[in-house]
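Below, chain A partners chain B and then partners chain C, in two separate complexes.
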Partner chain A sequence: MAGSIKDRVAIIGMGCTRFGELWDKGPTDLVVDSVEEAYTDAGIEAKDIEALWGGSIFTAHGGRFFTEALRMQYIPATHVVNACASGQDAIRNAAYAVAAGIYDIVLAIGVEKIKDEGMSGLPGMDNRTHTHAVATMPGVFAIMATKYFHRYGLTPEEGKTMLAKISVKSHANGSLNPKAHLRNVLTIERVLNAPIIAWPLGLFDCCGVSDGGAAAILTSAERAKEFRKDPVYIKALQICGTPSSGRITTDYDYTHVEESYRAGAAAYREAGVTDPLKEISMAEVHDCFSITEAVTMEDLQFSPRGKVKDDIDAGTFELNGELPVQPDGGLKCFGHPIGASGIRMVYELYLQLQGRADKRQIKDPKLGLAHNLGHEPYAPLCSVCIVGL
Partner chain B sequence: MTQPAPASPVYWRFNPEVFRLIGIKCNDCGHISYPRTKICHECGSLNLEEYKLAKKGTVHTYCVNWAPPPNFEPPITPVIVDLESGGRYQGLMTETATPEDVKVNSKVEMVLRKLTTDRGLNVYGYKFRLVEED
Partner chain C sequence: MIGITSYGAYIPWHRMDRQLFLKAWGGFAMPGERAVAYYDEDSVTMAVEAAIDCLRDIDSHTVDGLLFATTTSPYKEKLCSATMALALALRRDIQTADITSSLRSGTTAMNFALDAISSGRANSMLVTASDMRLSPPSGMTEQALGDAAGALLLGKDNVIVEVQGSHSISDELAATWRGETDTFIRSWEDRMTMDESYSKVMPEAMEGVMKKCGLSPKDFAKVVFDPPGDVRRHGRVAGELGFEPAQLLDPGGLFMSVGLLGSAMSFTMLVAALEQAKPGDKILFASYGNGADAFVLQVTDAIEKFGERRGFHKHLESKKMMRSCNDYLRWRDIVPLDQARRPERGHISVAANWRERYVDLGLWGVKCRRCGTPQYDYGGMTTTPIRVCAVCQAVDDFEDYNFARKKATVFSFTHDMLAPSLDPPTSVAMIDFEGGGRSLFDLTDRDPDQVQLGMEVEMTFRKVFADRGLNNYFWKARPIRC
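Take a look at the complex of A and B:
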């Protein structure tokens, strides 16, 4: 590979709306509220932005949506549509444009007004011709849980208890976060006794369904300290597309996600990370379902294959553990307004690195990782972003 | 995602795949894919031939979905089946007394069934039923 993004681009301002069932807010409100917070944070004005990239699946239709909402005066604007990685890919495109020396100050934004789409959950995206009727989102991740339990010899009770601990941990973190949608504290019993959505997954194994917006302002590493004393530097930005092998071959095991593994491995190379569990201080991963987070811990090399249960039982991923995961509450508590999620994750890492995460503050973090998994586990597109001081 | 209407061209194009179980086999490396691909997943070859799949296979994994897609009555039991011929098929179970009858590694076979009714038209396709093992 010819180049690396490491330490070439910095984040100098970020904003994020409260996530939730925001009936009184429209798409424009979510854009303007998150971007205005980012302007204030960076100490810049709208006229300083030279170009923007906006991630969204349902809400935006073209870059115009963003420039119109923000009353941007005739600047280049691009709508980024890349499944659950749309927000992170907006950051990636914006960062590359800065690294290329084309612009000094750019905006990456993600937004989704899910509650205007009339959905109570995200639809399956793989249902052409009814032959893939497995494809509700809870369904396609539930079949991973079944296989994971079977392969590693967990009874359904043992497996579901392992997964319940993931949701309990995320809600404990989310309860400390005023911007989270779901702030209730859960117990393992409550998770295990919840209605089944797609067995073995129950209600609390599924993330919320929420509206939200998040934004980041980027500039070159050279200029970053003109804006603030504590800019956060981009260390790696990787996206891994899929040949869709899990759908068409019998080799795929349904107990890992190859694209997450490869995006992670590429990001570690780019950032110079050789021991992820030791060197990564915190992670925000794509916990659309509890099983997704479990498998992702193995795909990102935080836990050995088949052993994530040991680390969950040991509390490794809790807020005071060795590697806190979902310190802000994750998709579990923020829901998944698709375009916004990736930037919302980076927002938490940014606050943590600057020591601004209040009750959720992790002690002295150095590197944070954000991960998204789009589409289905057998044919996903995955992104990994690493940021640090 | 809007479902294409049952009488639309997409169903006609999918007919060989959905009803005759036509996948592809690579003439260069022997790799079998279902659904069909235009390019061999394994070696990148375009030298592919049609390959008819077996109707019997083994359950690789499954779930019991109590919140199925529109037009399906809950619960449905989606299964990923590794076919005896090679190739992997995503489908639904039928004729089970309870969803708990299905297990990883259950032997199953395809039967043609009505899958759903969509905008007034019946939609047919294969489902899987358990095979008695002796």
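Take a look at the complex of A and C:
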């Protein structure tokens, strides 16, 4: 790879709506509310934006959705559709355009209005012939938990307790966050006794289902300090696509996600990180399900393979631990309005780096990592973004 | 010599103790159990199962025709045997036909197949008979019926049962019927139909074929013929014809264990008889429904070398007792049910179905010629057809590879409570095929508590989706049945 994004682009303003069942908010509200906060934060106006990239799976249909909501005056606009990484990919495309020297100030948005469906869960994504196993998303990640427990010799009780600690930790963090959807504090007993959604995953092993929007304003590293004294610099932006061979060939172990590992390794190279556990100050990872977070800790090299349980038990990923994970509450407490999630993660890292995370503030963070995992574990698309001061 | 060259049968895994009907509706419970097709089964899928059993050690490309006999075709217009031919990997230059509307459609189809063979137009004809009949809930007939399928392969080579003669009678009487808009069968008073039709027509057909062949009742080792709604009348007809009770394949046993199987009754009884038959046995075989067909059969020496089948008895012994009548009502879509709060699944695309017909109905994948990796990817996604090897990226360098009859093992699984199902949870497994290849499949005919990693499974053809009168069929995995 010839180039690197490291320290070439800065984030100078961000916004994020409260996530939740926002019955009275339409798609436009989510865009305008998050972007207005970002304008104010950056100290700019709509007319300063030269181009925009908007991530969304279900809500937007083309770049017009964003320019229309914001009444943008004839600027280039691109709709980014890239599964659960849509928001991060909007940032990536926007950052590359700035790094290429084409634009000075650009906008990346992520938005999803999920709760207009009349049900819990995501809208349908059936194949044309309706001929496939009918597992839900909890189902295909539950299959990973089954395999992980088996491979590493965990009884269902030990495995479920390990996963319960993840959800308890995320809810503890989410309870401190006024923008989180779910702010209740959980106990391990409550998690273990919750109804099964897809064995072995129970209700509290699954993230919420929410509406939300988030936005970031980017400029070049050279100009960043014209806008604020504490811009946050992009250190790495990596996306790893998939050959979707994990459900085709028998060599996939279903206890790791190769695409997460590769996106992480590439991001560490780009950012110059050699010891992730030591150098990364905090991480927002794609905890669509508790098992996803557990496996991601190994894929991102925070924990040795098969050993994440030791780190979970040691409290490594808690807010006051060695490497706080999901300091804002994660997908677990924010839910997963698909297009918005990636930018919502970066929003938390941005606030933490600037010392603006209030009760959740981590002491003196230097580097933050955001990770998304789209589709299923055997055929995913993964993104990793590293930001820092 | 023309006759039966192979046989197979299928009885669904699920059985219902008739006491459950009494618990649900009150009144009276007939003794015994009935076979109940699962929510993802119908007459087509059961016929495919029986045909797979029948073709177990036979090259499907030697079959020159497929007849599907039923009174419960899922379609008023559209050929089911064409669907089945793909599931069974039969050739394209064959005759396919559905023979419907009569409870003796199985033997009618058998006669047509024999004619095709004796005329030289075909060497080998596969005849399936399958029924999943619906009677109005809470009635006695609902208790009496059962779901099953049978299959006979007819031909000239390796004949295990020679067909030495046949005789047919046509008889006009609306004993049972379903009109254009009827969901459930209707019937006239059975005392009248037994007196005036069954008790006259069956002897007429059986005496007719015995006369043609110059045989009398004492010449037969077994006599196998359909019972009427009241099984006791079967024995009376046999006695009046001059048969001893020992010669009878007693339908009472079938009634007690699986029920009255509609057009599958005659084939299922015959398969049960053939499983016990010895070379030289003569069998008088007959079926009833708006008339009767009767056959004189002679078991040959070849039956001693006949390969193993699941047939009637093994399927009979492999069973799962149902919990309640509610499950039966739910599986049959007889009562309106609360809909799961899940996304609507959209319409079937006939074009996509057609394009993916070999992938979906035949479970055809590919094997890479360069790296040798077998690969399957279910149809309808952007990922089919497989054009590029998932391992070595070779392009269009594959041979066809069939997964339908491969065994597999459960690599990992879940029991999904959220996925909509007529019998939750939805059990889903990533399975690894013997010889290579992996895919995600629904698990059916499984006890959730028994599913384990490493469990051996086999593929079974099931109905997976219905939309605007069209059924989509596909394959699921199930623990090795028996």
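Please note the rule applied: the second predicted complex is superposed on the first by the 376 of 389 C-alpha atoms of A that agree within 3 Å, B and C clash if a C-alpha of one lies under 4 Å from a C-alpha of the other, contacts with A are read in each partner's own complex, and residues count from 1 in each chain.
In the analysis below, contacts are C-beta pairs under 8 Å (C-beta built on N, C-alpha and C of every residue); 3 or more make two chains touch, one makes a residue touch a chain.
Keep in mind the model is a prediction, meaning the values are calculated, not measured.
Visitor: Tell me the contact category for A:A198 with respect to chain B and chain C: first, second, both or neither.
Guide: Both chain B and chain C are touched by A:A198.
Visitor: Quick one: classify A:A135 as touching chain B (first), chain C (second), both or neither.
Guide: Touch status of A:A135: both partners.
Visitor: Between chain B and chain C, whom does A:G118 touch in the aligned arrangement: first, second, both, or neither?
Guide: A:G118: touches chain C, not chain B.
Visitor: A:S220 in the overlay: touching chain B, chain C, both, or neither? Say first, second, both or neither.
Guide: It touches nothing on chain B or chain C.
Visitor: On chain A, which stretch or stretches are contacted by chain B in one complex as well as by chain C in the other?
Guide: Chain A residues touching both partners: 121, 123-125, 127-136, 138-139, 142-147, 150, 195-201, 243-245, 247-250, 252, 254.
Visitor: Please give the residue numbers of chain B that touch chain A in the complex, ascending.
Guide: My answer: residues 1, 3-4, 10-11, 14, 18, 31, 33-35, 37, 41-42, 60-69, 72, 76, 78-80, 82, 86-88, 90-92, 99, 104, 115-116, 118, 123, 125.
Visitor: Give the list of chain A residues in touch with chain C in this complex.
Guide: Those in contact with chain C are residues 117-136, 138-140, 142-147, 150, 195-201, 243-245, 247-250, 252, 254, 378.
Visitor: Taking the complex as given, what residues does chain C use to touch chain A?
Guide: 341-346, 348-349, 352-353, 356, 360, 373, 375-381, 383, 390-391, 411-421, 425-426, 428-430, 432, 436-442, 453, 464-465, 467, 472, 474
Visitor: Would you tell me which residues of chain A are touching chain B in their complex?
Guide: It is residues 121, 123-125, 127-136, 138-139, 142-147, 150, 195-201, 243-245, 247-250, 252, 254 of chain A that touch chain B.
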